[in-house]
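Scrolling down, you'll hit the structures one after another.
Across the two complexes that follow, chain A remains constant while its partner is chain B and subsequently chain C.
Presenting the complex of A and B:
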């Protein structure tokens, strides 16, 4: 009797609680989606509709003109190039930077967990420490280093900066992931005659999917969205973020809000895409790394 | 010199020595079991044989060749791990042939070896599965297949059965023994289970606190344990250890113990070796199966001593009944036939087979030859 009664109340309060939770979640979603809505809606309106009307209203005349302008003709700084060349700069920077920092992080994690050496704890501690260094502190030393290497103001310079800055994070991810990987497997492979790289390639890497997704998403978003390194070291090969700023901040003529909105979406598109494609694995990989590590 | 020689080997982690001067020589085709409680250094020693752990001092040689610095893959050994250590991303077939592939054996030969091993272990139907799709017993077989396919000089097993349930463990134990009979390969096998050690081995090394306490055949270990640790670690239920005093009666040495009522009882030793311990305290060791009802006493024994004593508890275990009584102030367990009619609280006659009794020096805990 007692238990049946309490079960019933449990069910009914559960229903109320659930409705409440869904309501709250819905509100949050709306709150987060609102800016996106504003951006999309206004990027397909003629400028007159924005300046003369309501930001929240749907377009009366639909146009892709702002997108075309943002992509190829808008004034970026002094050149009417559109965002296209900068988008390419960003791609050229982000792809190698993500790939290199992820591969190095995986190798570091592998060595730090499976090929222990003297003072490996200190090495890991220092790498971890690098995650907490604010960008601003490294600006001047980095400028000196890039100058000495002769790659200041180039895409390779930016790649180097992002690789150096990213290794701390990628190492942390892979180290925690591989710490949960049974060492007996590595020993079995050693007895089987596999060497250092063969064990990495054939035994560890095939099961590293989830954490690789985490590392790639993390690195991609951070490097793509970075502004400070880009504006400091980009020189003539500046990334998308800097160009977007120049587009929005350009003081000549009227402010073409519709073009700005289109440009902003263009700048956000790649990270959005990465999340949609790999987001599912992102959560799974984060859990695997943190729970087991 | 043996097939596998461990000579004066020590292992230290930093300042802590975990293995002290281990000397074991294994003949070709032997089944050596390293047994001891957790943390005694069994796995460490096995890993040193495998080359997975460095040797702090001493030598390990296989077929007369010192292998101290030799890479694990070049020692021609194979190892079965406690967790099986199957590569999760590879199929059973790939798992088994990975080692051959790494050693550059051509595909045709690999497939032939795989087919042979799969047949031997009856895992033909599993070859295309991943380890995640196998039961514990099947994983165990695959792990053995991976070791067998290499045709190694020495097999190393580190607690290979400890992750299986009780029934499967007994089955696999028999299977491993059969396999050894068939292949006659030298095996070093680590376990903390003394029954596994007794049933599988041709010789046992009992280890404790980083020392080899005793090295001998299962019978030697069981009947003439070198010291108190070996005596109590091997055998289940454990050997009864009774404080006793050596007294001389009719010119022959006897063990003086007390029964449940504190009455002194004398049990004649079978030999005269302990005569020099007259009027000194010892620890008398009697295995549970050496205390029986008089009808159940071993007829081949030349020295069965009868004693009347009160029973504290009886534990029927199906095949036997374990009877607890007090001797020399300690609980002593006797293994009786299942249908013996003893009742707790009453007194009965018991027969003690003194041919099987052992004695220990209470100070050094080493065995005294009786």
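Presenting the complex of A and C:
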């Protein structure tokens, strides 16, 4: 009994206060749900029902036409390709970038906590500060370097950019997580003659599930949702966010709001799915890491 | 029996292996972060226009930058946006966390509703709010159709008010995340302290004001650091929601930097604005990170 209740606060409140609390909580859930409702409802209406009707109303004629158009025929920039090729660009960019930055982060975190050396604090400090720079400060040199490397406007260029600026965060996550892991176990394995990679593979990796979930979700949402690097270095292989923005901001022709909303949901779907499937582990892992420090 | 030399080689390899594993990440960070920062700082002292040039002009770019009306607009906007965004997110996040912590029925349903916006891209958020706030087809029109003829909400088209629509959308996106941070803080507080205070006759309000909120200090600090960092970097949301307009009404330093560097071919000035942004973030982040690392050591 006690242990089940200990998570909750011990403060008690009166009936009027409780009604007020429920009211506020419900009002805020309306605020958070409203834009999603607007997007979903209007993405399945014919355009005439939006321009000639009420955006808040449910559809009178249900149609998936806007979704089909957003996916495969809508005008993105000058080409009537729909969002599909850009969705593929995003997938091709996000999968390797997440995998590489997470693997490097895990190894870095392992070295920084279990194989400490002189000045490792400075190395970590430099990696940590790199998480928080405004990316505007690296845009110009990055454009120059990607050009010199011949990978400007390519998916591999974007993968490189996202790995480089993702390592700081992944290292931070794994370092904080491994710091709480008993170093004695690692020492014992060393005395038994286990090497660097064997210790990582056999001892640390098997317990790294929770922090890997955090790292993968963090990297996936950040990279999928990135706009600045995509618009700066995407060239003809732009990611989904840039294509969606081009679709919505297009100044020619009739504004197809229903197609815009369908496109917005398509752009949001992968991260929303990840969030729905694994979001609870993300918050839990994040909080566990930050509370422990 | 292995030879002496072989064992020696193996132990030396084991000594070097950790550093070898860390080296690529460290080298890449030195080059792509710190090298690039130096590169941009150098460019900010040159007369670069469309492409980097190495003709040094001293502080000319900074002088020009601070004389630009356009930059002043961006600074006023970031001041309005950042202060409202940070304050409102903190108040909303804290209030929701405290309310959710009152043994609420359906907490498991409410929490994900508050949190899901943080999974979305700012471009998606911007698109949804752009059309929802558009007086011609969105909220204002819906109110008119429901019979509230005098209802007017044209902020997004009004150059004096447009910056506040960015606050609305940005708060929508992040306040749930701030709520989660405070909720974790609240759940970490020892209930015995609260019970003792209640036995001493403290009211709920006093309890929160005198005991709980002071105990949440670390959560306040993290929220402030994360929100101010997000505010200074804000770029995508403005692009999607208002495109910096109407006119230049919602220009922020991040949009200023991009347009001066890549569309107006004033790379020197663009670089100097990026340096100003870095300095603003460093002024917040360095003391914070320093104290965090000190505490843990």
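To be clear about the criterion, the second predicted complex is superposed on the first by the 272 of 293 C-alpha atoms of A that agree within 3 Å, B and C clash if a C-alpha of one lies under 4 Å from a C-alpha of the other, contacts with A are read in each partner's own complex, and residues count from 1 in each chain.
Here is the rule we go by: a contact is a pair of C-beta atoms (placed from the backbone, for glycine too) under 8 Å apart; a residue touches a chain by one contact, two chains touch by 3 or more.
These numbers were taken from a predicted model, which means no experiment stands behind them.
When the two complexes are overlaid on chain A, chain B and chain C sit side by side with no clash.
With both structures placed on the common chain, the touch criterion links A:121 to chain C but leaves chain B unconnected.
Using the contact criterion defined above for the overlaid structures, shared-chain residue A:18 touches chain C, although it does not reach chain B.
The superposed model places chain B and chain C at 90 degrees from each other around the C-alpha centre of chain A, with the value given to the nearest 10. In the superposition on chain A, contact of A:182 is made with chain B only, not with chain C. In the superposed model, A:201 makes contact with neither chain B nor chain C.
Here chain B and chain C are compared by how many residues of chain A each touches, and C touches more. Look at A:191: by the touch rule set out above, it reaches chain B but stays clear of chain C.
Between chain B and chain C, the smallest C-alpha to C-alpha distance in the superposed model amounts to 6 Å.
In the superposition on chain A, no chain A position is in contact with chain B in one complex as well as with chain C in the other.
Put simply, chain A touches chain B in their complex at residues 182, 184-185, 187-194, 198, 202-203, 206-207. Looking at the complex, you find that chain A touches chain C at residues 6-13, 17-18, 21-22, 24-25, 28-29, 31-36, 38-39, 42, 50-51, 53-57, 104, 107-108, 111-112, 115, 117, 121, 123-130, 132-142, 144-145, 164-165, 167-168, 171, 195-197, 221, 224-225, 227-228, 232, 241, 244-245, 248-249, 257, 260-261, 263-265, 267-268, 271-272, 274-276, 279-280, 283, 287, 290-291, 293.
Interface residues of chain B facing chain A in the complex, by the touch rule stated above, are 47, 50-52, 71-73, 77-79, 81-83, 85-89, 98-99, 102-103, 146. Of all the residues in chain C, the ones that touch chain A in their complex are 14, 17-19, 21-22, 24-26, 28-30, 32-37, 39-40, 43, 52, 92, 95-96, 99-104, 110, 112-117, 119-125, 127-132, 137-139, 141-142, 145-146, 172, 176, 180-181, 184, 186-189, 191, 194-195, 198, 204, 207-208, 222, 229, 232-233, 235-236, 239-240, 243, 253-254, 257-258, 261-262, 267, 270-271, 273-275, 277-278, 281, 285-286, 289, 292-293, 295-297.
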